[in-house]
């Protein structure tokens, strides 16, 4: 919406505006264009962060910045260039690379912010959630609903990186955040390194709910969604498509959403998480959607178009799609990944918008 | 509640009662004891059906009763001895053994009744649901929500039996049943015998929802819950228990409930389905619950107590637990099953009672 | 569905059937026509009960049958002629006339069955629910969710009648009933006769929820829906229609549903209750619907058609509409009621069918 | 949470930080204290706006600033002194005084932002929502869910003021806003001035849902909650309390929440609205709550305490309570209002926090 015509500037108007200022008042008619646009015009801009730069800086930080109580985590956040230098990837989402050196521990804490971890490469860290050590390997997705105690420990002789996604900016806007320190050191019993967390043993069986659990808190009780299952689900969709059956989002474009096995809903109350597989040579239909997303390239390479920006991307690269800006992805033919496809991990604030009936999505013609 | 004291029989009362009869009226005070008991007193009774007898009669029927349009299925139903000869296992649940000879087909139809199949032994039949051939093997559970087209075909040279569970008596009571004939013969393309149905390829990945499916009808979109996964889930619960963690219902008693991956709720709107594993030598705490259940022994052997009845059971045996009658199961030590445990498949009308706030459960002291 | 062709009667078949009988088994193929009809074919039939006969018999009972502990209530139930003499108006619904003589009390009790009272004429009884005396006057509707203590007392010098609606047959079918005696006599403090119950003072303000009440049990917390409000709502709908706006169900046919102010849902988990006003001279479109209904004429007169039955009805008359039987009502022009219209109170089992996804409704062409 | 200890500033650290800056990255360890506080520390501050000043400035604006397309409304918003001069009463809520001169019209538009109007004094404006003219008088509350067409017209010879509440700042943060112009002039038929809107005639009958309406959009279909009903509900609560029954929030403190009659939920998906009546001489228990509120004094006078601020307030005054800042109100004895009590209208963002499981409330000891 263009800025509206303003009343003629007269001494009376100037006096009125001084009165407003004095009484801490602001008229709608000077602000409406910014506040009530005809469609979302995000303060954020599309932007790409190259993984090679992130990992290099994270490693540098690994050597000179200690991890410990107070700073809590060696996490380095994406700061959208249009959001005033704040560590906000989008107006509602936080995305950071976290880095843990061999033998390091990140102390236990909990917070109201909802979080997840996604592993694009490496392994060897266990996230201990409520005393349950959860392994982390390439492709694993670990949701972690707010207010659960958690710590990390690296049990190997190699550093490990992963990305953290949180709703920090959203909760910063709504001002309902709580944070509490836990133990500085977890127990020896929690330092074990099982291949499967207890949560996976209890909840990781398709469609089989443990009868002993009467109800669950908001957020998924399953703490690790292993890559092998995600990969198989995506491959199955493309195979169904090849046989002539429904399953993919559109031709050559498979996608799964991580869901809470106890409810079938998003794994976190405020964050949606998905993996999209775009078959070799395929370009997705541009869509625009209310709310913002952050993507990380999990595998393959291709060309991403977000509004008037376009980038060639490969493994580990991160980029943001602001609200109502058209997005499409094109997989590069023969990119040499395992599946020969472009695999994109995505997270967004869609559950917030859906819960409040503010979600809209449109195909861009 | 005992029958209430009745008014003295006088000529006036007799005339009043004649008036009632003439006008099709019945007073509460003569009926209240039966209609409004202090707690549920089921019209049904506990009863056991031995699998060896069922399978023998089913095979006999296989040789002399054809399967075809009109009769629709070679299904033989349990008739609770206290329900007037009606083919009702309990006042709300239908349970039948179905039997298909080599090469036979059961023609396509659909009905509002919710159904499932559970396979205690054998293999070789595919149930074709909406054109999707679903394999059936020992331990497989196939939910099938009402109003889906379905047919069965036996592709092997051996007969196959399984049990059908439906809410026929419940829908008979509520009178909302619809039934429609489909094609007499399914197509050749539907006679294929894949190891996994398309539904499993789309929905059988823990916590991974296909993004392409915007919404699902009532009832689970996953049409086969394979035994290997059920077995693993039960084994995991007992292993967690052995390590000192929560997971089982009570000591030595693991249990999973089949749930709809799209909602986390029961797989069928009117029927709850579970598998219970009772470790060797363990006896479960007696419980009584509103609503009725039918059980089938999947593996192992043991002693079942339902109210004042007690039976020794083994593979395939079926029994019913009427509303509010105490139930417990004791696994026979060293019964020689794979898991060394008593595995019980159970179905009940609990979702009906829960949806209407009529569900109660109590431990019997 | 017509009865299916049966296998030829041979000695082998006879032996098979003897085997079934011995093992308490019943084949599907002899029963399917009755159990799985192509559409609901109710065991109940349409029937009309004339109020003048009911009230006369109730009064007769008032003079010779005492009210007290054991019999509990002087309630006389409609017995559908096709339901074997049981006091069931339909397979799921109970409808009775209750009658209380001057100064009489009906003792306190509670039960899991959901209930309501509707007053077609008279006044002077207070129903005391959980200690809250609720007045009863012509046109008042008093829902009473299961497991609430309640008693009645007639504080006047005249007898009073009203109808009770309950889900007794439904709970009889599902076998989840509980019943408990309360005090034989309520306290003097509860014998007061206020014009408004406390429930009305707390919940009877449109769209205004008391902040002090954090949550409510199943069923409406509002214990009286007074006629003046119902009448006004119906009049408003017809006035809107007259001005050319939406509001009525169809031309000349206004209708309101009693709803729980805390949830907007039906006032009882198992019973839907509505009042329909059919303007003078109007005939409603025939509809058939799964589930059954009981109607009482509140005011006016007209002609009711249920399937192939047709009756002229007037104030107080009760009739039943079985599942899937077409129903329509025609208001008699100039019938002389206050509104000049035919007012029908209706209750049905629709919430049960809707909760379980078994509800269907169709206009009959 | 205090700012964490920072790593020693070395050339290596300075180089690292330069690298972060260059790559648009920000470390968590320098920001965590602000981003993840131990409890909400609002950017907003408590503040009071006096009605006499607001109304004077609004009237001044009425004489020199025209109302018309582009500026859309003569609305003057509260700007929290700690929110950088933006017209945000709190980080999520917008509150403005709107003013319409005799005979003026505010043109039709619609927007995704949810809105309401509350009238503290005056009358004579009708808000036309989707063609339905809704009257506005002292004490009336008009919810208006997003994306409904609406216009205002003043049909009298006197100016009229009221307050508008919207979720503009919240939707500004989540960036899902849409806005569309409607007609510049509404029709003559819409310029009528009925005492009751059509929405009130259809939905304004307690617990009586129009059967003709199958489903409603998010937000209440009832467009006016008249003061007489609100006043009666509050009076009833205090009368119940006086008789010894439950009903009030705490001694001498009655409160009602405006709810959607179709669902029993808040009238708007993002905004909760309530009226609190504090009896003469009573002081409420201090509470702190996540999320923010705006209050307007509807009647009476008293002393408000918000954190370390304290003000004497009277009719029309507005003040804000930021997230997690303790709030209490004391009614001034004998303040001379109709009810002799302090009546406070309140709106808050609680539905947002509740939908996302971020709501917490605590009594301050």
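Each chain carries a letter (A, B, C and D) given by its place in the written order, and its residues are counted from 1.
The rule we apply is simple: a contact is a pair of C-beta atoms (placed from the backbone, for glycine too) under 8 Å apart; a residue touches a chain by one contact, two chains touch by 3 or more.
Here the structure is a predicted model, which is why all the values come from computation and not from measurement.
Shared contact partners of subunit A and subunit B are absent; no chain touches both. Repeating the B-C interface, with the same residue numbers in over half of the contact pairs, is the pair A-D out of A-D, A-B or C-D. The distance from the centre of subunit B to the centre of subunit D, with each centre set as the mean of the Cα atoms, comes to 53 Å.
Computed from the mean C-alpha positions, the centre of subunit A lies at a distance of 32 Å from the centre of subunit D. Taking each chain's centre as the average of its CA atoms, subunit C and subunit D sit 42 Å apart.
In subunit C, no position touches at least two other chains. Contact residues of subunit A toward subunit D in the complex are 1, 4-7, 10, 12-13, 15-16, 19-20, 23-29, 31-32, 35-43, 47, 49, 53-54, 57, 60-61, 63-66, 69-81, 85-87, 91-92, 96, 111-113, 146, 168, 170-180, 218, 269-270, 290-292, 322-324, 349, 351-353, 355-360.
Partner subunit D is touched in their complex by these residues of subunit C: 198, 201-212, 220, 222, 225, 229-230, 232-233, 236-237, 239-240, 245-249, 255-265, 267, 274, 276.
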